[in-house]
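So, here come the structures, one by one.
In the two complexes below, subunit A is the common chain; its partner is subunit B in one and subunit C in the other.
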Partner chain A sequence: MRFKTDLKNVRTFSKLTAALNSLEKIAWVRLDDDTVRFTVIPDTGSQVWASLSVDLIFDNYHIESAEANNTINFELPLGPLQRALKSAVGSSYANLRLTKRDGLPMLSMTIHTMTKDGNGPGPGLGGPNRATTTANADPDAGLLGLPSSTADFTQESLELTMKREREKIITQDIPVRVLHPDTVETIMQPKVREPDVHIQLPPLLQLKAISDRFTKLAVTAASSSGNTRGGGGGTGSGAGGLGGSSSPKLTLSANMHGSLRLRLTTETLDITSVWHGLENPELDPTQLAVPLEEHPSTVFKEAGPDRWATVRVDGKDWSRVLSVGRLEGRVIACFADEHALILYVYVPHVDDVGMEDVVTYYVTSFSA
Partner chain B sequence: MVVLNFTLSEEGVAVLHDALACMFKFSDDVCLEARKDKLTLTTLNISKSAYVCFSFAANRFFSRYSFEGTPQYRERFFCQLYIRSLLTIFRARQGSGDLSRERDASIDSCDVAIDDGVGKKSRLVARVSFRNGITASHSLPYEVQPPIHAKFNKAEATNHWVISSRTLRQLMDHFGPGIELLDINTDEEARVVNFTCFTEKVQKRGALNNEAVLKKPLHTNIAVEMDEFDNVEVQDKLHIIISVKDFRGILQHAQMTSGALTSSYSNPGRPMKLSYGTDGVLCEFILMTVGEKDALTQKHKNPRGGVAKVTPAPQLDAASHRGSSVTGGNQPEPPALRPPQHKTPIRTRHPAFEMRPSPVPPPATTRSDSLFVDQDENDEQWEPVNPDEEEEEDTGRLEWNATDEPNPSTLRIGSYVSKPAETEEAPPERLASGLEPTQRLSEVRRFGLFSP
Partner chain C sequence: MDSSLHEIWQAAAGSPFVPTVGKDSQFYVALALLLLGLSLGGAFTLSTLTEPNSRVLSIYPTHLATVFIPAMDTQGSSSSGPPLLRAVASSTRPLYQLLKAINFTNKVHVEINETGLRFAAEHVRVMQAVSHWNKSLFTSYTTNRPRAPILANDADDEDDEPIPPIFQISLPALLETLQIFGATDAAARQAKADADPYRSNLRNYRSDAFSNQTLGMSGTCSLAYAAEGEPFGVVLDEAGVSTTCNLTTYVPEAPEDIPFDIEDLSFKVITSARWLLDALTELAPTSPDKLTIAASKREPYLRLTSSGGPLGSSSVDFAGGRDLLETFSVSTKWRQTFKFDVIKLASEAMRIASKVSLRGDGQGVLSMQFLVEVEGSGPTFLDFRFVPYAVCEDEGDEEEGGSDNGREMET
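And then the complex of A and B:
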């Protein structure tokens, strides 16, 4: 079993890792000849399937496996990966390979990099400033007071600033657990019926800021009216639908006429944000299982702008999902009314205009 | 009778504060030792494996300095104080940006006096004068206790190197959280010095199928070309291992000097000395290194296996100066007489390493950078909202259908968007912060919330 590759677009890789890491600590990675797939499936919360073509983030990619279709499956902790990628951002060269250390499998990242700002003079307690402000005008000052070694220090530091900075080679070993194909073949990507509404989301930073604000308001509202609800006993079902204290639910709706609605209702407040003029991308009839005119979205479109497809999401989970906005790709949301919400996040290739990869979010939704 | 009296400039106060903040990472109290020519602050950590010493030259660091020997304290005066109280006194006050004299709460100067003698209350009095005319006086009780100095044998420490402290500090950025030990070793062939960080917490071989394997922290190695060092003279393949936490604490302070840091050491299980200095201040650290045999044992064997050997953790050799004050002089440490070396391999000092909860970081001044790499480009705005940490209830969660039915949607997502170029939204505008409940209409427009 061999895997070795150079890294490219480290920033994209790093952002993707950060987005995944906000949902779950460990990812399942599946590599084959042309795809690298990251999957996170949290116990509770939204799951992500990121299928990327190898050349989005890898270069000089080599894979060799005895398993069918030349695949390698392993579990990878995202925190250490993110930390390692941070070292690789801005590096001159980085590669990744599967190896073993002390008998344990490791994903080893080798990075050639410089330190951030070299030996440039910096602010601090040293330097000539200090000398002029605190040194008394005593000609003998240098000879008194300090152990003799101090004199050496000043000389050395002068020399040092002349030195050219060298490239450092950093090796980051991330522990992994190689998975047998049998253990992963049962994990299936979720199946969803044809969506009723598909719509391009507004800029995620905006959507996230407002969603987070709603979530915080729900928590505040719940805690301020908490006294009247009678202590911490909390009948779960009652609190949940109303945006209870522990996990406020946001209601998301969209229509086939360019509108997206975000709504929060609690006992004490009811707030709504609506976006208009968003795009409902057109479907490609050749790729549909049903004729376009019979597709649910056509039905919704004909029903007019008052026909909304609605799902309820958990405020905190939704916030973690929206963290994918850091990838700065277009996001298409697919609503199956009262059933499911899926986000498709398009990650453009930096060096191949027009090429895109897709990260799919299966957002956890709740019944009313 | 006033034994010690000195005045610090604003900058001097800041330097003193930085030094104390650094010491606070090692211990709760500090020993102050005053002589005619210098003021020395020292501390030893609780496991006696790290010793810190800052020396301030009387004639270069202070605006004014006077030490009057009394019959009781002829050569030197010493006392022990709580670092926390000193940090509060010497904390920098921000000038409010308002230039009017009344509002400028920055420190102008600071007078410190110690009045001691028979029949006197032992107090350190610090009088801080602010630019706005206010003077604050603090009176601290202290304990008269001779300082403990760690011994370091210069002659024995044949391995040494010098490198820019900023470069070294930046290397630490690459080490992940959760690591404990730093192994410094050289490779003559490759002409590099390796800094390797690792931990020994999860090291069970039988745990292959356990998720614990994935919880191991990042294992990081950084190879730095010898050319980047000055005066490298190190025995090839020698591994010297110290605590990462101590090293980080030192570098956090060292980087502020932007000077060179000198390191010298002999063998595993023997002390290592790190030092750097600037005009008027010399900073020295003596760290106990982990015994080599133990490091090897721990690397290749299950450290928890078998009966744990209870050998005393190696500690720095200490010498109390109570009796030897007359011979003291300028020499910080005379080449020490060593107790006979342990014949059995000494266990790592870590079992005895009592890690205190990490102290509150010193207030962020413009000069203290974080030990960690900056989050690139406002990344925290993407962090999930987290109003509270309560467990969520599962109410009416809709489950995904994971049956093997043909999946109509997933595989041809690309076709949802037929004309990507024309419909591309402008890249999301970065909001400096979250949205407030009410905004000016003009501010909100740019977010595209309302049509113009």
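And then the complex of A and C:
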């Protein structure tokens, strides 16, 4: 079992990790010849299935295992990965390897970065920095398990006019748990019926800003109507999951005529935000199980702008889901009326026009 | 398209439609038309006397009908009536700021006046705070007095003094709602802050060259109150999104203002609100229970003393500089004790105000009036009133007796 790769588009990878980490601490990663898959399945809350092509975040990708398609499955804590990626952002070079240290499987990230004297080198200038990397750094530092930040002190640059830049090599080890293919076989992507409405969401950060206000409103309304604060304070510290049952629910609706509606109703108020002029993307008839005319969305479209598909989402969970907005992907929401909400976040490839990877969110929804 | 129509609607609020036939005279006009119709009908039947009787009967009802239709129509439209309040503002910031200063209760009383909205909050009947949204904070502000339920036929113009509409709404909910305005801007700014140094133009959701935000067009915030018992509506229209919030209105609790006798002032001090806040922050760390405010003609002029805390007492004197107090007049020595936590509720007002006028009346009620400078509008006032602790009989006598020097030593 071998896995070694260079990292690219670290910023995108970092944002994705941050978005996943907000939902759950551990992710299941599945690597094979062509795809990298991150799956997050929290006890309560939304599931994420991110399926990325290897080219999006990896370069010089080598994978080998006994399974078909050289598949490797492992579990990975997202917190350490996020921290590691944070130091890799803006680095000149970073790679990732699956190794063993003291008998424990580790995902080891080696980052070559320049100490910054004022303005550091831009991340776009990979070429010249790579040259200095091979010149004065020991590329095996990470392999031999040397202390984390070894800088080569013996070679001082004689050009005094140059900015004093020294290379630093950082090794971040992330413990992982390798999974047997049989154990992951049972984990299945949720099956949902054909959606009634599909719509491109407004910029997620905007949606998040308003949703968060709504959640706050619900909390203020709840605390003003009843004196639950005393009781809630005790349980709130220990059990975040328990608190989920009482956290506010927002009603989210969309129609096939470009409108999205977010609504909250409490004793003290009834608030609704409406977005108009959004896009309902055309479906590709070749990919549908039923003819386009019989598709539920066609029925909804013909029913006019007053036919809304509605789901109820948990305010806090929804806010965490929306944090994926940092990826700046196009987001299509699919509503199955009174049943389910699925978000498809399309992450564009910078260097390969037309290629898009998709991160799928199965948003937890509640009955009325 | 929808929103532009909405804006026209909003803009039209400033110039209400005035019918050629006034509402109050519609009844008479209709009556006159009816009589005219009847008489014409009569004349017509007279002129066709030669015709058989059945013909007369057939004409008669048709004339009646033609006259009655407009009469019914006018009555129907007047019963729904124009909304009691319609106001549009281009920014909610000052509105939010002024309300936040009195944010210590769940419910607030709202009173709709010709000159603006009055918000009154109170705390267990010992404290009362009033904040105003002056009409000048809005780009358009229209009120319609509720029409008297009885047909005040004769004296409708002279002594028309209807009670202004008053109701309660949830204050925290209103404050949160006002903050939604501009939330999307803040989100956009934040997105810009953590963006890549190298940002491709080919990304999704790039900003439009003609978007409202790029053009510097702010949204609108409109308030509406249709009729008594209806919800209080706040509509926030911003780039691409429109938020409608209907706040449930509650029956007012017939609140009585804390009586403050402006004729019987014991002292009046005008100073910087900031200094008053500083003084209170100075006293707060000992977590006192009570605050005593004393004003006297001699040193220490104005003294705030905290007591009742576990860590002893402390006091702040406003005695140092001449320019510390802008106005200072004391007619009789005044000394009252208040609950510290209640006074602390006014600290947000002290923070945003530029000046404060402290007044005490003969009964011991303290009034704090804050002057808040609002951008783009004149000064606005926040009124706070506090009821002091009841003074025990003997202590009261001593105070009334007033051997001033001896008592000051005590503190």
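To be clear about the criterion, the second predicted complex is superposed on the first by the 300 of 368 C-alpha atoms of A that agree within 3 Å, B and C clash if a C-alpha of one lies under 4 Å from a C-alpha of the other, contacts with A are read in each partner's own complex, and residues count from 1 in each chain.
Convention: a contact is a pair of C-beta atoms (placed from the backbone, for glycine too) under 8 Å apart; a residue touches a chain by one contact, two chains touch by 3 or more.
None of the values given here were measured: they were computed from a predicted structure.
A.B. asks: Have a look at where A:203 lands relative to subunit B and subunit C in the superposition and call it first, second, both or neither.
C.D. replies: So A:203 meets both subunit B and subunit C here.
A.B. asks: If you stack the two complexes on chain A, which partner ends up touching A:190: first (subunit B), second (subunit C), both, or neither?
C.D. replies: first
A.B. asks: Could you look at A:213 and tell me whether it touches subunit B, subunit C, both or neither (first, second, both, neither)?
C.D. replies: both
A.B. asks: Touching A:329, do we find subunit B (first), subunit C (second), both, or neither?
C.D. replies: So A:329 only meets subunit C here.
A.B. asks: Just to be sure I read the superposition right, which of the two partners does A:349 touch: subunit B = first, subunit C = second, or both, or neither?
C.D. replies: Neither partner.
A.B. asks: Subunit A residues in contact: does subunit B have more, or subunit C?
C.D. replies: Partner touching more subunit A residues in the overlay: B.
A.B. asks: In the overlaid three-chain picture, which partner chain does A:171 touch, first (subunit B) or second (subunit C), both, or neither?
C.D. replies: The first partner, subunit B, only.
A.B. asks: Could you look at A:97 and tell me whether it touches subunit B, subunit C, both or neither (first, second, both, neither)?
C.D. replies: Neither partner.
A.B. asks: Taking the two structures together, which residues of subunit A meet both subunit B and subunit C?
C.D. replies: Comparing the two interfaces on subunit A, one with subunit B and one with subunit C, the shared residues are 11, 122-124, 202-203, 205-206, 208-210, 212-213, 216, 273, 276-277, 325-326, 328, 330, 346.
A.B. asks: Which residues of subunit A touch subunit C in the complex?
C.D. replies: 11, 122-124, 202-203, 205-206, 208-210, 212-213, 216-217, 220-221, 224, 266-277, 325-326, 328-330, 346, 348, 350
A.B. asks: Looking at the complex, which residues from subunit B come into contact with subunit A?
C.D. replies: Residues in contact with subunit A: 9, 11-12, 14-15, 18, 37-38, 55, 57-63, 162-164, 166-167, 170-171, 173-174, 176-177, 192, 205, 208-209, 211, 213-225, 227-228, 230-231, 255-260, 262, 275-282, 299-300, 330-332, 366-367, 373, 376, 379, 381-388, 390-398, 400-410, 412-418, 420, 423-431, 434-435, 437, 447-449, 451.
A.B. asks: Contact residues on subunit C for subunit A in the complex?
C.D. replies: Where subunit C meets subunit A, its residues are 2-3, 106, 169-170, 172-173, 176-177, 179-180, 183-184, 186-188, 190-191, 194, 196-198, 200, 202-205, 231, 240-248.
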